[in-house]
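Letters A, B and C mark the chains as written, and numbering starts fresh at 1 in each.
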Amino acid sequence: MAAQAAAAGSRAWGRHFLPSSGLFTRLQSSQSRVQRLTGRPSVQSRLFSNSKILVELDENTGVATMTMKHPPVNSLSLEFLTEFSISLEKLENDKACRGVILTSALPGIFSAGLDITEMSGKSEAHYTEFWKAVQEMWLTLYHSRVATVAAINGSSPAGGCLMAMSCDYRIMADNPKFSIGLNETQLGIVAPFWFKDTIVNTIGHRAAERSLQLGFLYSPTEALRVGLVDELVPGEKVPLRAAEVMAQWLAIPDHARQLSKSLMRKPTLDRLLAHREADIQNFVSFISRDSIQKSLQKVMEKLKQRKG
Amino acid sequence: MAAQAAAAGSRAWGRHFLPSSGLFTRLQSSQSRVQRLTGRPSVQSRLFSNSKILVELDENTGVATMTMKHPPVNSLSLEFLTEFSISLEKLENDKACRGVILTSALPGIFSAGLDITEMSGKSEAHYTEFWKAVQEMWLTLYHSRVATVAAINGSSPAGGCLMAMSCDYRIMADNPKFSIGLNETQLGIVAPFWFKDTIVNTIGHRAAERSLQLGFLYSPTEALRVGLVDELVPGEKVPLRAAEVMAQWLAIPDHARQLSKSLMRKPTLDRLLAHREADIQNFVSFISRDSIQKSLQKVMEKLKQRKG
Amino acid sequence: MAAQAAAAGSRAWGRHFLPSSGLFTRLQSSQSRVQRLTGRPSVQSRLFSNSKILVELDENTGVATMTMKHPPVNSLSLEFLTEFSISLEKLENDKACRGVILTSALPGIFSAGLDITEMSGKSEAHYTEFWKAVQEMWLTLYHSRVATVAAINGSSPAGGCLMAMSCDYRIMADNPKFSIGLNETQLGIVAPFWFKDTIVNTIGHRAAERSLQLGFLYSPTEALRVGLVDELVPGEKVPLRAAEVMAQWLAIPDHARQLSKSLMRKPTLDRLLAHREADIQNFVSFISRDSIQKSLQKVMEKLKQRKG
């Protein structure tokens, strides 16, 4: 009976879907985006380490690991974001790469989110360039053709949470000292609409509403319960478990997995693409306000005192 | 490690969002809406009691309590709805008010929903005026600039459930005699699309579909499980817990919380605003039908017999 | 107190919704669709058995049972799909019928989904006709005026899962040998957008994303946890429980239940209606590819070997 049913599963399966042309336009154009960012064609290197992210590709498995190593907290500076997008796009252009595991080399922190110093005391041109880089990171990661697993081996607030949510699967170290969430409102700021879209897609409308308004940082246990992460394992087992999960995802034929991913995520991607310039304008005019700049100064002074 | 991660949370936070202009147009125009409803400018009174709702504002905490006291069941009559909207808008125009707790003075009932007598044997002009008041209540409450907590100390069917869902947070008395839900179909009627939108936003598409078709009334335990309420406490602890929860919401800077709320709720609000007149027309033509009027007569006769 | 609240539930209920004209156009036009499919007017027969589906209508309860009996695995061939749509539409045109229970006469299998032989080595005209029949089945079932309960007494992969999800309620036999899910990607194919819409409506965005990419087949226990089915009962109790559940759904006045269902499901239906021709074109051009035809040949050879 079970065998019959299993056979049935493949015999009388049917159905497929050929998405409308242009579905993976972004993926196909990633080469040109690399050129846009760097001014030079991307290199098909199989192994490369830059200053802030270590990239290792295992050609046997097709799995690359991107290990963030930008002390003290993997903050998302302009330079970091640019390196991140270029590294990921290089992997996407490498036919040997089918999956990417994203993790951190720093103890206790996955990524602390956007770098506040990029938003304080700079020119409008700088804010524009910075925000474009933030958008580019998300556009590249959220709709990547490769399978992506976040191995969250530390805290992951704000932009760090966004990176994790943009992967296909999230494994978090089961350590009550760690937390994850979009905590922007706690700092007096507001997540942009595409952060909101991403968290709604992950935990649903109601949980997202409460989470965003309160700027809630979830413990690993709470994050699992609400669906912000997919599973918890002891910290030392995160890398192994990430590799196991990735193998499950790569057991699926790439083109079918990619089209299914696009079917789910492209509408969300398209919302930002349709309003990308307005989103930049909003950021720049908001961040340029005197009141916001004063708030940022205070936050940075506090942080200096903590360090001192 | 934890300290570092915590510091990271504020150091490298980043991101914000400046919503497109007009985002809070409704909030900003509430003053004029009060004038529209009352024919006179709103008063900045800090404490006022009208016939059906007691409003108390604690200027130390910034928290107002709106206590519904319209026996026997806080039914939403035209007069009640008008008083509700005006009271809430007065609070919104009062800079000292940052949060509103909505509760009932009547034992065992939060609100029983729309008043059936307003929909039976009246003129089309009356039905139009009544339905506008129902819409106005929801438009005001669902997108209010203040933080809103429903202290649900009794049953809350139909329109009462809508009021509770339109708050930011729901605490229900853990009493198995109480129930909550959109039970319209049990009475042969249908919730309008914006009731549907509100429950989908609260409990998700599948649970809403089942709930609406069956007109399901949930016990407190079931309501918690499906996400229709956020937590249960013993009845006598509802007021204290509401105050505690409100303090959590008010710990967030108002402007960041408000913009996040709008980001989540404005698209739903805009759907009614875009179809407000058609929604009124639909209600009036439906309620004016002979078959519906006969049904309403029967329901009212039953209720009279129960009382007698 | 409870009595008062209960009384309140019916006294002060209020609200209804008269959907915009044309809301049930599809339902009203089902008669003509039967004619379109068969070339003759539908018959108001109260009991009929065709070759592949046994239809029994209990005129006392208003409940019909459609029992699929198309060995070996109730695969959805063109002939089966046509008979299914016609049978369901006959029931819809029969005023005595208020609910339909969908189940299988074959041990261990509900339905194995689309028949692969319809998609291999045929003409474009045949693929077009076949895909229209697949669409018609879903359009008819997903928005049916009658209450629909899936009595899932066996495995239900791919198109079988779609049929189950398109009912109003799902009861599955609690047998760990059975599985259910949209496993298309495991076969190298992709569910079309309206399969995707249907599963998102059933289990939410995040679970659907993971489910579709991995082509996940859920055990009954897992299916219950993720919300893909509504309850599990021992296999022998599935028919009885289906009858009990149907009675709950039929306790609601038909017109109110139908309008509520349409309020929830019509937007999803309309998406396919708006892109129906493009969806057919996509299917035909995809299935006609040499690479896909070769894959299908291999799958069929494997199946022949299993049988042999």
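Methods note: a residue touches a chain if its C-beta (ideal position, glycine included) is under 8 Å from a C-beta of that chain, and two chains touch if they have at least 3 such contacts.
If you want to know which protein each chain is, UniProt gives these names: A, B, C = Enoyl-CoA delta isomerase 1, mitochondrial.
Not measured: the values here are computed from a predicted model.
Novice: Are the chains arranged, by touching, as a line, ring, star, complete graph, or other?
Specialist: Here the contact pattern is complete, since every chain touches every other one.
Novice: Are the two sides of the chain A and chain C contact the same residues or different ones, given that same means over half of the numbers occur on both copies?
Specialist: Different, since under half the interface numbering is common to both chains.
Novice: Mind checking the centre-to-centre distance between chain A and chain C? Centres are C-alpha means, answer in whole Å.
Specialist: Computed from C-alpha means, the inter-chain centre distance equals 36 Å.
Novice: Which chain C residues touch at least two other chains?
Specialist: Chain C, residues with two or more chain partners: 204.
Novice: Under the stated contact criterion, what part of chain C meets chain B in this complex?
Specialist: 1-20, 168-169, 200-204, 227, 230, 248-249, 252-253, 255-257, 259-261, 263-265
Novice: Which part of chain A faces chain B closely enough to touch in the complex?
Specialist: Checking each residue of chain A against chain B gives 72-73, 75-76, 107-109, 111-116, 118-119, 134, 154-155, 157-159, 177-179, 183-193, 195-196, 200, 204-206, 208-210, 212-215, 217, 278, 282-283, 285-287, 292, 299-300, 302-303, 306-307.
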